[in-house]
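Note that chain A is present in both complexes that follow, paired respectively with chain B and with chain C.
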Partner chain A sequence: MGKSKKVILLGNFGVGKTSLVRQYVFHQFSEEYMTTIGVRIDKKVVTINRDEVSMIIWDIAGESTHQKIPDSYKLGAHGIIYVIDVLRPSTYKSIEDEMISLQELLPNAPIVKVANKIDLLTEKERVEIVNNLPLNDYVLCSAKNGENVEKAFYKLAGKLI
Partner chain B sequence: MDKEKFEVLKDILFEDARKRNEELASKVNAIDEIISDREKLEPRIALILEDQVEFLEKNFPQLFGNAITASIRKQIKESQEEVVDALYPIMGKMVKKYIYRELALLSERIDRQLEKAFSWEGWVTRIKAWCGGVSEKEIIMKGLARPHLEEVFIIQQHTGLLIGSYSKNNTLDKDMIAGMLTAIKSFVKDAFRGGGQELETIEYENYKLVISNLRSFYVVLVFTGFMNAGFRSELDDMLVDFQKEVLEKYLANKEIFSKDQLTQLIKAQFDKLNDGEK
Partner chain C sequence: MKLQDFKSKFLRSWVQFVLINEKGHLLETCNTLFSFPDSPGNLFDEIPFLESISELLADLKPGEEISFPCINVDLSDFSGFCDYVFYKINYDGKTATLWILMNFTDHYKNLMGLQQQRNESVIQKELLEVEKKMLFWQERCSGIKTKG
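Moving on, here comes the complex of A and B:
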């Protein structure tokens, strides 16, 4: 039995947090948009170099800033996945401030930034948008076709061991 | 003369057609006879009907499921009173049966208590009642209506991670239950801004979740049945013991404690609550 780690998913509403979890845990995607109320909990066990990590994933309802989310949902988190929508600049315009305040609240929790919905971009648009994203080290992924979804969570799991 | 020749010629030319007509007429008559006579018709269509019945049996839900559901829904919506009238006797019987069963159980327990009345245990109860300043009836009733412990969860505050658990029925993933319970606790705390107050109970029909908050953990005990003040007090004492005897040891030796060991300790401690039923 491996160690259990609390992982929280943060980001604006509609960026695809729930879809990412659904794709990652159940390998499913739905076109239907249903807003998350409060929080949803899922679990996935990942094995990295023989170490087992039980990720207890808290998919928290989206807000324009994480500061609007009650701290009690975030407290004790071992890792964070911050999701943005590549097509909506409003979801990442203040990402630098978000990262700073998250690090203040959870100084030991690694953060993986995920740029979602890349399936909606052409190759050319992809390069253009990625070059204009503030900060670096994003995992570009698509909850719809599953591209890099596993990679994003695996990257965080690696930092949790 | 010409007419006769014409008739002969007609006979010759239409001989085949006439024969075919006669054959067709006799076939039609035979078919008509079969169709009109049930005994003759039955063996001929029985096999086809059997196949059809089999097909319908296999595919009934797909073929008619939606239509029937819609029709029942419509029927219930349009004639609620009739539906209630129709269901009332069935529901009434079910409720009656349930109450009867519960009363039978209660009666059995009362019988057991009466048997004990003049036993050594009976005298112990009387002495307890005299010393404790409570009536003997109250002590006996406490024993009769004891709730039943179904599950125990030991959960870390904030992270919502499950430290240990004990359950009689393996239902949902316990890690997820622990997370969700923590989220509910957090939600209540934020929604009502109750300062240092904490969520202490959740009731769900016959289930009661008793939450006991410690500094870095909280314990959730899931009960079925009626819980009175006496039992609650007994439970609080047991939780204090549990904290001292198990949790503090666990905190001091986290690394060497396995989840299974902790589960055994939880089971040993809280099984005492169910043992009290006997």
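Moving on, here comes the complex of A and C:
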């Protein structure tokens, strides 16, 4: 068994955290929105440069800020994936404060920022919206068609070993 | 039957107690919600939730506890929502972890329905606002082009 790493998925409700996990772990997608309550845990083992990493993914119910989430969910997390919805500004308007607060809480946990639902944008809209997002270095993803989903998790896994 | 008996009988139906040793092996369980196979392996390897908190459990001091509300559980013959509480206790002269699972499936399913409705209406409202803004800017842009 490889190194075991707890990864938490954070972000507002409806941004597609559960869909990203379903796409990443099971290669499935459903158009139907089904809210997550509490936390659902899934596991995927990835190999990076011959190192096996066992990613235990905590898909946590969405909230406008991570401060509304029980502390025990975040306790001992090795890495964070923070998801936003490119179509809903409310899901990223406070992202700078969220990043600062998360870095204070989990100083050793790397954060990968994921901008989801890019399949709903034209190439032109993608450029416009991404240029106007606060902060940078997002992985542009689509849980629907799978675009860059592996890349987002792989990027985090690489930072965990 | 005394009050204490009723209480024990009531609690017995929705709470499972599991004892695990420091290496992650099953010591005892009451099988109220689900049963383990006859010779389960290391639970830290077999249950991802436990695997992810094994470091936290190792650091837990006797008498301390950690709780995790609303866990989506899918274990052998049980599927639902539980609150978990972990205690470090002394068992037969050795340190062990007591894992208590409280089945709140009905309560959380009810909450889930309410949350679903709330989220759907908030998302719908936000998307309509975005659409309205886009239409406004499209109209303004086409107006400028016409004037030009």
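Quick note on the criterion: the second predicted complex is superposed on the first by the 161 of 161 C-alpha atoms of A that agree within 3 Å, B and C clash if a C-alpha of one lies under 4 Å from a C-alpha of the other, contacts with A are read in each partner's own complex, and residues count from 1 in each chain.
The rule we apply is simple: a contact is a pair of C-beta atoms (placed from the backbone, for glycine too) under 8 Å apart; a residue touches a chain by one contact, two chains touch by 3 or more.
Treat the numbers as computed from the prediction; the structure is a model and nothing was measured.
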| item | value |
| --- | --- |
| Combined model on chain A where chain B meets chain C, clash or fit | clash |
| Partner chain in contact with A:110 - chain B first, chain C second, else both or neither | neither |
| First, second, both or neither for A:37, with chain B first and chain C second | second |
| Chain B versus chain C as contact partner of A:87, first or second or both or neither | second |
| First (chain B), second (chain C), both or neither touched by A:4 | both |
| Partner chain(s) touched by A:54 [first = chain B, second = chain C, both, neither] | both |
| Chain A: partner with more touched residues, chain B or chain C | C |
| Which superposed partner A:72 touches (first chain B, second chain C, both, neither) | both |
| Overlap of the chain B and chain C footprints on chain A, listed as residue numbers | 1, 4, 6, 38-39, 41-43, 54, 56, 58, 70, 72-73, 75-76 |
| Chain B partner contacts - residues on chain A that touch it in the complex | 1, 4-6, 38-39, 41-43, 54, 56, 58, 70, 72-73, 75-78 |
| In the complex, chain B residues that touch chain A | 156-162, 173, 175-176, 178-180, 183, 186-187, 189-190, 258-259 |
| Of chain A, residues touching chain C in the complex | 1, 4, 6, 13-14, 33-43, 54, 56, 58, 61-62, 70, 72-73, 75-76, 87-90 |
| Touching residues on chain C, where the partner in the complex is chain A | 45, 48-49, 51-56, 66-72, 81, 108, 111-112, 115-116, 119-120, 122-123, 126-127, 130 |
